[in-house]
C-alpha cells in the first residue's frame, strides 16, 4: 500500500480543501483569533509533536494567514520573542542589527527586535514535509507552471479524496499539457481506491503509460493479498491489467536505467578526461612525468574557493570567473615550475618525476599552511544544482551535465589551440623535433614554458570542475593523479583524442560494471582490464606511429 | 682468469667492502649497545632506535630490488611496493596464526577479524601458514609468482617505458583495492596487527627486536651480494645492454624478455623478503602498503641515493627515511616543505644522486682490462 | 672515497637516535600529541592537535599540574599506520611522555596498541569507534556503537517511522561493525531482511552517481526509507553533493551519519543538506554556558572566528580534564597510579551533565540527534534523557555478547562471563 | 669459419630446429643457391606502402649494395629480414631451410644474420671489450650467461676483433666516450664477433672521415666471400668502391639491379635521383 499520512493529516486536508473551495464561493469563517494566538505563543517552547498538532489546527482553521505563516515557518523566519510572543521576521540577515517583525496572525507590523532576543522556532524533517504538503495545495492555481507541477508531484504519494476533488476542479481550468498529464495521473490513482470496477480498469489503463515509482508502487499494491488471503483488488481483470501495466512500466524503466547508467559513465568519463587532459600536454606532449599535476588541479579548486569568497553575492558568476582565474593561477605556477626546475631536466624524464614529486609535497603543504588542513566549502551555483527531470524515470543532474559539456568544450578549445594557432604549431614542432624547431627560429625555451603553462592551466580549469564534485582540500590532487596517468597511458601518450576516448571508455565501463560487481570490484576489474589491454596494445589505444615512435 | 671485465663505478670492490662493513658494524654494535649497555649510558641505543634501524634496513632491501630492475635493467617499476606488501602479508599470516587462542575472541584457529565477520572456517589460502617454513616459502614464492605472470605478459608483449610503469602501478593499485575489501579474507583496512610472537619469541621483547635487526642486516647483505654477483656476470652486462639499447641486444640474439623477466622475478623476491622482515618490526601490515605512492617513494629513494649503484640505492633509502623520521618529529608542521625541497635540489644539483658525488674515475679514464 | 663520508653521516644519524633527549624532563610534564598533520587524515586530526595544545595552554595558565608546567610533544605520523607505531614508540621510549592524546582511525589505534601495552603508556582516544576492544592502557573518550548508532536508529524508527534501511558505509572495520550491530538490532526489532540494504564502497569513493541512484530506487518502494551512513572522510562530500543533485531531500530519505560533524560540514555547502541527520554526543549548537565558553576560547586560540568545534574535540576536552584530575588525585603522573585513579572520576560535559569514566575505560555520554542547518550547524531534534554508559563489547553481536571489560575488579579487558575466563589482547 | 654451427650448436637450438625442418619441406624450389630470398614482400603502415611487392635475392658470399632515395624502403626491408617488422604478404627465406617469417629477432640473430643500425648503436655504458663479449656467439639464455666466463678462445677472438677494428687501444673505454667513427667500427666489430653468415649493414660510413671510410670499404670487401654482406648506403663513391652488384629501391620496389655502371646509366634511376 502507498504510505499515507497519519489520520490527522487526512482529515485535516479534507477540512482545508473544503475551506479553500468555500473561499471561492463565500466569505471566510474566521477562527477565533484569541485561541489561535494562545497556541501560537506556546510554540517557542513546544516539542515537535505539539508543533505538528498546532500546524494541523492552523490549517484546519482555514485562517487567512495560514499561508504566509506556514511559508515563514518553512523559511525559518518564525521566531519567539523574549516575551514568548511568536513573530515572523521579515528577512533574516546576520548583518542586520535589528529585525523587522510581523505579527503572524494579523500580518501587521510588530515593531523590531534584536536578533539576540529572538529564538527561532525550529522545524524537523517531518514537520517541514507536512508544512510543504500543506502549502502545496495553495500552489495548484499558481500562475507558474513549474510550481503547479511541483505541487501536484508533491501531493502524489499522499492523495486523498479531498485533494482529488481539488484537482478535478483544477483540471477544467488547466491549460498546460504537462500539468494535465499529472492531474490525470492523480485522478487515476485516486480512482483505484473507488468502488467502480470500470473506473478502476480505465485508471489502470491510464496509469500503464506512466513511469513514476509512485504509480508503479500503487499498481503493485493491487496485486498484494490481504491478511485473510484474498486479493486487495477484487476484480481479476483489473489485476491482470495491473500486472501488464507493471510489466510495461518496468520494461520502460529498465531502458531509462540503461540510459542513466550510460550517462553516469559519460559523466565519470568526462571527469577522467578533464583531469587527464592537462597531463596529456605536460606528460604526453612534453614527456614530463608531472607528479604535481594533481596539485595544480588542487590550486584550481582553491582558486574557485577564493573567487567565491571575494564574490559572496554572486555564486553563479563566481564559478564562471573562476575558470579563467584558475587557468591563470595554475598556469602561472606551471610556468614558474618549468622555468625554475623542469627546464634543467629535459631529456631526463624520469628525473622530472622526482622533482615534480617534491614540488607536489611543497604545494600540498603550502595550501595547508595558507588555508588549513580542512576542506573548504565551495558553493554550487543555482544553475548547476538539481536535476533535469526528463520523465518519471529519468533525471539528469545539471552539474554532471555541465561538466560533460565543459569537458568537451575544453577539449575542443585545446584541440583548436594546438591545431589552428601559431602557438599550437610551435608546440607541436618543438615536441616532435626540438633541434629542427630551433633551427627554424622557434624559441624553444619560450615554447616549453608556454606548453607547460598550458597543461598546468588546464589542470587548474579541471580543478574548478572538481570543486563542484568533491572535497576542496590539500589531498584533492592525490586522489586523481593515478587516474589521470592511467587515462593518458591508456589512450596513448601524446594523443589528445586517445585521452578523450580512453577516459570516456574507462568511465563507461566502470559505470556499467559497478551495479553488478560493486564499486570496489568494478574498479579492480577495470584496472585488470587495463593491464591486459596494454599487453594487447603496448602503446595504448592510439599508439604514436612512424619513426617518431621509436624514440619513446 | 675469468674475472669480470669491469664493474660500474659505484660497485667497485672497495665500495662493496665498505658497504658490507658498515652493515656488519650495525649488525654487531647495535645489539651490544641495545642489550648490554645500560639505559643510563649515553652509548645506549634505545629499542625505539633499534626498531627504526631495522625498518630502514628493510627499506634499503626494497630500494636494492627497485634499483636492480630500474637502475640496471631500465624497467621503471612503480609497483614494487606490491611485492613488498605481499611478502609482508605472508609473514603477517604466519604471525596471525601464531596468535592462536590468545586473540580477542579466543578462537583457536580463526584470527579475530574472521571470527568477527562470522567466518566459520579458515579460507583455503590460509592453510599451512601456521608452519614457519611454509610461510617463508610463500614470502618469496607469492611475489615471485606474481612477478612471473605479470612480467611474462608484459615483457612478452614488449610493453616498455611509461606504459610499463603505469601498468605496474595499476597492478599495485588493483591489489590495494582488493586487499582493502573485507571479504577478501585479509582483514581489510585494519590488516594484521597485535602480533604476539615469532617462532615462540615475544615480538615485544628487546632481544627479539635485536635478532630481527640482525636478520635484516644479514638479508640485506646477502641480497646485496646476490645483486652484485648478477650485475657483475655476463647476464648483468646483457641486462645493462638491454637498458641502454634494447633492440641492439635483441639483434645480438638475446631473448630480452626472458632476461627482463628473471631480473624482475628476482627483484620481486628480494622485495618480498624485505616486506616479510619489515612486518614483525613495525607490527602492522595493511593494504595501504600497496599504495602507488609508496612505490613512487621507493623510486625516489633510489634516485636520491644514485640509480645504478647498488649501495647508493640502499643508502638513499636509509637517508631519505631518516630525514623523514627526523623531520616528522622535529618539524611536524613543515616537514613536507623540507622533504619536497630536498627532492627538487637533489634532482637539480645531483643528477646522479648522492653517489654522483663520487668522482666518475672509472667511466672517464681508460682502465687496464684484465681479459688478456 | 665518498663512502667514508657516508659512514660518518650514518654514524651521526645513529648517534642522534641514540642520544637521550635533553634530560630536562623533570622540569615539565610531557604530553604526547599523536595526530596526523599531513596525509589523508590531516583534515580531521589537525584540529585535535590544536585542541590539546589549547588545553595544555589553559592548564599552564592555571599553573600546570602538581606544580609543574605541561609541555606538548607533537609528532606527525602522516596518516601512515606503521609510522603511528613508530611515533608512539618515540613518544613513550625516547620522549618519555606521561600521556598521549592521539589517533583517529581504528587502524592507527590498532597499530599503536601493542606499543602502549608493551611500554605501559597511556593513550586517550577521542573518536567514536566500533567498540570490541578494551585495553588497560587506552581510555576511550569517543562513543561506542551503543552511544551513537543504536540511539540514532531508535530515533528514526520511533520518531520518523522509518521502515526500510540502507546501511551505506566505507569498507573498513568501523562501518562493518556498526552495520553488524545495527543489522542485528533491526532484525531483533522485527525489520525484515529484505528491508535492509547494506553496501560498502572503497575509501575516497568519489563517484556516487550509481549508489545514490540505487538508494533512490530502494527508497521509492513506497515505505519510509532512511540511510544510515558510516561513510568515512573524503567520500562524504561527493556523497552529499550527489544526494543534493539527485534531489534526495532529507524529507524524503533522511541520511543519518556518524562521521559527519560541524567540521566536515564546514568543508561543503550545507544548504542542500538541510535536514539530514547526525548522531553525536556533542553539538556546537547546544547552548550551555560551558559550551559557549569553550567555543569562544577555541576561536580565540585558533584566531579564526569561523572555526567550528566538534564531538572529538569535546572528547579530548573531557579526556584531558579526566587525566588532569587523575594526576592530581594520584599526585603523580605515573601511568599505573593514574590508571588506578581514573575509573569513577567525573568531569562535566560541555553540553551539560557529567562524563564518568567506567571501569571498562569508556565514558557515560549523552546522545544527541541533530538536523543539518543551512549554516553548517546542527539543530538538536532529539536527545537521550540521561547519559548512556559506553559498552566496550556489543550486546548485539553473538561473538561478544558474553564479554565484559572491567579494569577495576576483574582487571581484564575481555572477560567471558560464561566461561569465567579472561583472554584476548591482555592475555599473559 | 663455419659460424652456422657456432651459432646454433651451443644455443637453444631445439626451439626452432623442428621449425626449420618443417620449413625446409615447404621451401620454394627456386631457393637453391641463394643465401637470402625475399619474394613479393609488402609492408604498409596506415595505408602507406613502405614495401610494395619487393623481391630480392642474395647469393652466398656476395657483397650487395642497396641504394635509393629517402623513404625508398631500405630500412623497412632490413626490419623485415631481421624480424622487427612483419610483412603483410610475401616470403623471406634464409638459406634453404629457414623461413625467417617464423622467427623473432633473437632467433634470426642466432641463425646467423647480423645487423648494423643506421645510427651507430653500441652499449654506451659498457666498455668496448664488454660490447664485444656480449656479441660472442654461444649461450644466450639468462641462466647460462649468469654463469658464463669468457674462455681462452673467446678472449683470443675478442683480441683479434679488436685488432681488426682498430680499437685495441680503446678496449677499456665505455662506449659513450668513443667518437662517432669508433662507434661505427665497434658496431661492425660486434657483427664480426657474432660471426653471421649474412651481414646487413645500414649506412656504415655515415659521418666517417675519408680515411675511416676507406678502411671500412677494405673491411667490408674482406668480409665478402666468407660472409654475405648487404650494405645500404647513400655515399655513391663508397658504393662504387665496394660493390659488384647494386640494387636500387624506389617507393618500396626494386627499380633497377646490376653493376654500378649499369645502374647509373639506367634512365629510370636517373629520373628518380635527378627528378626528385
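Per-chain residue numbering starts at 1, and chain names A, B, C and D are given in the order in which the chains are listed.
Definition applied: a contact is a pair of C-beta atoms (placed from the backbone, for glycine too) under 8 Å apart; a residue touches a chain by one contact, two chains touch by 3 or more.
On a predicted model such as this, the values are computed, not experimentally measured, just so you know.
Colleague: Let me check something: if the centre of a chain is the mean of its CA atoms, which chain is farthest from subunit C?
Modeller: Farthest chain from subunit C, going by C-alpha centroids: D.
Colleague: Taking contacts as defined above, which has more of them, B-D or A-C?
Modeller: Pair with the higher count of C-beta contacts: A-C.
Colleague: With centres defined as the mean C-alpha position, give me the subunit A-subunit B separation in Å.
Modeller: 45
Colleague: From the mean C-alpha coordinate of subunit A to that of subunit C, what's the distance rounded to whole Å?
Modeller: 31
Colleague: Take the average of all CA coordinates in subunit A, do the same for subunit D, and state the distance between these two points in whole angstrom.
Modeller: Their C-alpha centroids are separated by 65 Å.
Colleague: Could you list which residues of subunit B touch at least two other chains?
Modeller: Touching at least two other chains: 177, 180-181, 333, 336.
Colleague: Would you give the residues of subunit C that are in contact with at least 2 other chains, written as numbers and ranges?
Modeller: 37-38, 171, 200, 202
Colleague: Using the touch definition up top, name the residues of subunit B that touch subunit D in the complex.
Modeller: So the residues of subunit B in touch with subunit D come to 2, 5-6, 8, 230, 233-235, 237-238, 240-241, 243-245, 247-256, 258-259, 262, 363-364, 366-369, 371-372.
Colleague: Within their complex, state which residues of subunit B touch subunit C.
Modeller: 14-15, 18-19, 22, 30, 33, 42-49, 51-53, 55, 101-106, 113, 115-118, 177, 180-182, 188-191, 193-195, 203-204, 282-284, 286, 288, 311, 315, 318-319, 322, 325-326, 328-329, 332-333, 335-336, 354-355, 357-358
Colleague: Could you please specify the touching residues of subunit C with respect to subunit A in the complex?
Modeller: Result: residues 37-40, 42-43, 46-47, 159-160, 171, 199-202, 204-207, 209-211, 213-214, 217, 220-224, 234, 237-238, 241-242, 244-247, 250-251, 254, 263-264, 266-272, 275, 277, 304, 371, 374, 376, 379, 381 of subunit C touch subunit A.
Colleague: State the interface residues of subunit B toward subunit A in the complex, per the touch definition above.
Modeller: 76, 150, 153-154, 156-163, 166-167, 169-171, 173-174, 177-178, 180-181, 292-293, 296, 299-300, 303-304, 333-334, 336-337, 339-344, 346-348, 351
Colleague: Any idea which subunit C residues touch subunit B in the complex?
Modeller: 1-4, 6-7, 9-10, 13-14, 16-20, 37-38, 74-78, 80-83, 85-87, 89-90, 93-94, 106-107, 110-111, 113-115, 117-118, 132-133, 171-173, 176-177, 180, 200, 202-203, 397, 399-400, 414, 416, 421, 423-425, 427
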